[in-house]
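Can you read through this structure? Questions will come right after.
Going by the order they are written in, the chains are A, B, C and D; count residues from 1 in each one.
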Amino acid sequence: MTFGRVLMRHVGVPNSTSLAVYKADGGYAGAARALQMTPDDLVELVKKANLRGRGGAGFPAGVKWTFLPKDRTVTYLCVNADESEPPTFCNRVLIDSDPHLLLEGVLIAAYATRTTVAYIYMRGEFCEQFHILQRALDEAYAAGYFGHNILGTGHNLECYIHRGAGAYVCGEETGLIESLEGKRGWPRIKPPFPAVEGLFRKPTVVNNVETLACLPHILTRGLDWWLSIGTANSKGPKMYCISGPVNRPGCYEAPLGLTCRELIYGADFGGGMRDGKQVKAVFPGGLSMGALRGDLFPKPPDGKVDPKQDYDELDCALDFDDVRKYDLLGLGTAAAVVVPEDADIRDVLLNVTRFYAQESCGQCTQCREGTAWMYKIAQRIRAGAGRRVDLDIIEETSRNMGMIPGLSICGLPDGAAWPIRTLIQKFRREFEQRIAAQEPGAAQSLIRRTNAAAYELPVLHGRAVQPAGGTFATPLDVAPPR
Amino acid sequence: MRDDDIIVLKEPELTPAERLYLPQILDGLKTTLRHMFDLQRRHAVVHQYPEQTREDTGELRTANYHGVHRLNKDPDGRVACVACFMCSTACPAHCIHIEAGESPWPDREKYPVQFDIDELRCIYCGLCEEACPVDAIELTPLYELVSCTREELILDKEKLLQIYEETKGIKPRRNPPVTDYGLTGTQGLDVAEPNMKRKV
Amino acid sequence: MPKIIIDGHTIECRSGIPVLQAALEAGLAVPHYCYHPGLSVVASCRLCLMEMKMPNPKTGQMDWAPKLFPSCQTPVRDGLEVRFRSDPVRENQQHVMEYYLLNHPLDCPVCDKAGECYLQDYTEANGPATSRMVEDKTKNPKKDIGPHTLLYQDRCVLCSRCVRFCDEIAGTGELAVVGRGSRCEIDVLPGQPLENPLQGNVVDLCPVGALLDKGFLFKQRVWLLRSARSVSPADSRGQTIWIDYNEAGIHRIRPRYNEKINEWWISDEARFGWKHVHRPDRLRQPRIRQGVALQPARWEELPGLLRAPFAGVAACASPAGPGGGARLAQPPSLLGRGQGEGQGIGPLAAVLSPMLTCEEAWLLAKLARSLAPQATLVLGHVPVSGHDQTYPNGFTIKAEKCPNRRGVETILQHLGGPTASFQEFLAQAVEGRFRAAYVTGGYPDAWVTDPVAAALARIPFLVVHDLFPSALDGAAAVQIPGAAWTEREGTFMNCDGLLQPFERALPPLEGVKADGQFFYELLGQPGLFRAQTVRETMAAELPQFSEVFIPRDLPKRAH
Amino acid sequence: MSWRTIDRRTAAEQDLGPGLNDAVKEKIRSFFPRYPTKRAVLLPALHIAQDALGYISLRAMRELAELLELPPSAVLDVVTFYTHFWTHSRGRKTIVLCRSLTCELMGGGRVREGLEQRLGIGEHETTPDGQWSYMTEECLAACEHAPCLLINEKLHKGVQAEDLDRILVDPENDHLDMPRSTLFDAPAETKP
């Protein structure tokens, strides 16, 4: 493969965080070029490049910029460096090795959107990265790339780093804005959208780190270079992360459209599974986007293979469109975590549900109560007191939350529902096997004594749910508490 | 006097057939005649009370007889009533008077400071029993309700609890106290710590 | 006026309101928690979701959008078509209700909110009958968050109304949401309790029984209460209230929506300003002085007892000559103390308390003037404490702590003749210019200061009409028990001249006659005192009284 | 009330904890020009306060509220929302353990058990000698090195349960001051 790394070209280069090294390699040339264009031309260029946001939703950055009102006086640029999606670490790698690339992107985006104040919202867990970026910023200020009258163009830009303090939901753009304003990171209701009324009630652009890091390359290498990379609708290079029990976990840059199998087994990428294990499942876009079946799908007991269900899904191309064919929510952060064959699927479910129960912000009812309920159920299933009806309940609950059906303010519950739902759907057979194999009496201690009747009531009023079946044929003999 | 204090009642209109009163009379006569000619059952209608009680004849169904009330106790021996006023709301004869207060116990909030039932006003319909969410008020099979004064038959909380002690052998408490926590019994003590220390 | 279509019915609504408000005002029972018309919209309960017609991006036709929209966040616009009666909407309501009840304790029997609880009502209407959660519920501690308020955290549904109220209306922000996700709680910073002068409203705002009033705690079940439309006498703004009472007396006071004055809120003064009604030391019987002591008298003999001395005093003052002092019920010595008669000031005075209703003040003034055309009419003591307090959204608590100063003033102005302020009256009384006076009180707090008592003691024939015993008892020739405002009906004119009627909640205390009825009898009018009738006669002379302001009645749950 | 209720109306003097000194307040004030509102300084201010005191005490919350012209509850609100802030005192060294899916798959659970066993404390607790506290985070964004943990601000990569003995006694732990920029560095004299 002859693809040259651009976003990650400084990974492993000694002293790459310094301005000198960055400039020696043609750094800030893109910014210089951008500052000679008019902001409107710049926006037009980015629109043509079809630079889709790398944060997860894949919304074109250029289009986002055009939503800003024409008669605005103050605009804010927020850089979303709150990379909280589990197994994602490409922003960390980028800041670790090439902070000036991000800063140059900030400069270009700020110029294009006529912004004079930019805030880099960085998650609280990034400790070293914060210091690296702060040093780089100090250097860039000293070199005149930030501050007053940048490079003599008359454009001003102040850039501040704002540290978060451990909240996944602050990666949502309005949650980030609220957090920046010094409030709890509860996402705002939309409309108004941030482009109209965002930070401090002024027009605001929120862009991801990786999105901004692409900007200098579009400017220096040109539109044609950019459009030559990737698939039809997904242009440009992308940083893929792979973690879990593979031989070479890490962050790799590739054109959009890399398949999941390549990412795991490719010699340039994951390098295959450790100890020759097989893949049970992959979460290819961060947890939130859902799970893919691995090589090892649960075999039906009678040995008959159902072509609709029993196939592995590793050929899913990781771009903005193909993932949907595999029932994933989207590309997400393109950070894959591999679940090996010897992992218990109930552990995976428990971990995923716990994450969302922990990180739900508590604003919308469905998400606040639903995620906590799913976690409670997952705990019970893990403890060996699961029922088959629990799988139905979890699946139904996961359908009743999220922004897509209009039931929540932000997209976090969608992200919570998808992995849980795909896990239950794609690995239902394994769950059922686990449930069938568990101790029959285990449930007694874990089921609320006062609500024994609910154990036998799988039907929500007005809605048919699959018959309970369950693990236990007879009702529990529940003794009253003494 | 407010206008909505006045309740206008209207006498029901009788149809011409009802005005005859004959069907009703015949209906009543039917019962009389049936008893007159049903020789086999005649002895069962009359008891020689008080020489012969219904306990003696074995006809008293203790499980659902509507006799004097009692107030049940929870497993800790405290009054099970949570002073929710459901019984007095349901009571068609308005014979239950409750005054609620803060309970002196750490695991419960509300309890009846005063609980009076006017047994003379009561019509023994059992709606109070139906209404009670914690099964604290129950009707016992006691039916010999006598006293020298009317005041004595306004039973207070102590008296009603005493009746429970007397009758729990004849009629056990119907449902164990397993409603949601906080209402009865010793549940609810394992309250979580306040949020300040519990951030996990 | 935009027209929107809800479930196929065209509804005309006020512009600028959300669809939810329009639906509620049209009488639709749309469930909701977080929405309140007086607070900002957060759209977080997700219970009021609806379906909406949107242009289909593919065909361009108007079509039902595939997702739901929060109706509290969608403003009405002409031609908008929405529906609440559809399967997705109902399903969502069912699911949300199930979520709400997952961790909500089923302790309705001991919950004071039961009976007016949104959660109960919505569950009954929309919710599933059983919970499918078989794990233990999350239990949260109860918190004592202020002098008047308790927080039952595990009943909380996190609608954040109380938090928004403290931020936006009271502006003090004592309450906050703490924690995250399902571990969210409402709390105050320890040591900074909820004690702003509007805090009682959070209890009304709470749609469930999470925030409770300590004064009402465990006292009554709400379905045993009746409500009377009333006006608070706590300050001169005339906040409209509901008095919740039953045969045992008043139990609480709630705000009554009033678009012109207090909107959805009332001050704590108004909320807790009823305790004096049930004070045990209320006067319960008219008494007249016989010898040194006041002796019980019958109501029936009072009109005769009073009219005669007043008429006598009036006659004394007239140039025509000596009055019928001999006909007085009182020992002449008692009367004889009064000496001087001022120029232009009648020796008879009627002190009209600003606690009286307009009708009562009118009757009393008429009575005084009918007995003595030169009778001095005095506006009674106007209690003032502190300064007016205005809150961020414009809610004002007035410093003037009486309901009807302006009403009495209007009547006095209209009637003309000798009038005086209370201070002037006191000064003249000290000079001994009055030989008889009818003094009305009715204040919730003690109002007779030493100077007042000393001045009034100079009046030979003093009639005191008040709620409580006071320092005037020693000087009074006749003491008449008054009825509290809850036991009367009438109108108050607030500080801005708005005339608001209120109804009677309780019968007067045993042995007490309502003030208006007593004045009626004093005037020799037959029949029962009805405020409306009196007001109509007043309106013939005073056009200000021809119209009263009655706030809009909103459907249940439309606030 | 004899049933169990937590009294929030008062806070005992000894529960208020330490307050902020003038240097810390001055540091916080230096952030005011960065943002158009004072409220926006809250998050940096909390970082500074936590650097100075080790945790956010009730007194610090009150003082921050006064400094930023906020209602005191607003500070409590923010402090409790973010997992980074401690509302009770903690040990000199804080271990932040990652429990994301990758770390758990790679043996994070055993690390956690080992840690709890060695230190004898649960999450958000402190060892009796005041040296160690530990908490878990959902993801430390170092998944390629899973399982990983932070000691103060130093990241330890690829930690297995067996490595804990070595890591915990590492003398370097005691002077784990990162080369801080001037941003969140609390003034030196206030360091505990």
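Here are some notes:
Definition applied: a contact is a pair of C-beta atoms (placed from the backbone, for glycine too) under 8 Å apart; a residue touches a chain by one contact, two chains touch by 3 or more.
The structure presented is a predicted model; accordingly, all values stated were derived computationally and were not measured.
Path length between chain B and chain D in the touching-chain graph (shortest route): 1.
Looking at which of C-D and A-D shares more C-beta pairs in contact, the answer is the pair A-D.
For this pair, chain C with chain D, the centres built from the Cα atoms lie 50 Å apart. Note on chain placement: the centre of chain A and the centre of chain D lie 25 Å apart, centres being C-alpha means. Taking each chain's centre as the mean of its C-alpha atoms, chain B lies 40 Å from chain C. Look at where the CA atoms of chain A average out and do the same for chain C: the two points lie 55 Å apart. Annotation for chain D: residues touching 2 or more other chains are 1, 3-4, 6, 74, 77, 80-81, 83. Listed for chain B are residues 102, 109, 179-181, 191, 194-196, 199, each touching two or more other chains.
Residue positions of chain A touching 2 or more other chains: 167, 184, 358-359, 361.
Chain A makes touch with chain C in their complex at residues 167, 184, 189, 357-366, 368-373, 376-377, 379-380, 393, 400, 404-409, 446-448, 451, 453-455, 457-458, 460-463. Looking at the complex, you find that chain B touches chain C at residues 2, 82-86, 89, 100-102, 109-110, 133-134, 179-183, 188, 190-196, 198-199.
Within the complex formed with chain B, the residues of chain C that make contact are 105-110, 114, 137-141, 143, 178-179, 183, 185, 187, 190, 217-221, 223-224, 228, 503-504.
Residues 1, 3-11, 15-16, 58, 61-62, 70-77, 80-81, 83 of chain D are the ones touching chain C in the complex. Contact residues on chain B toward chain D in their complex (touch as defined above): 102-109, 189, 191, 194-197, 199-200.
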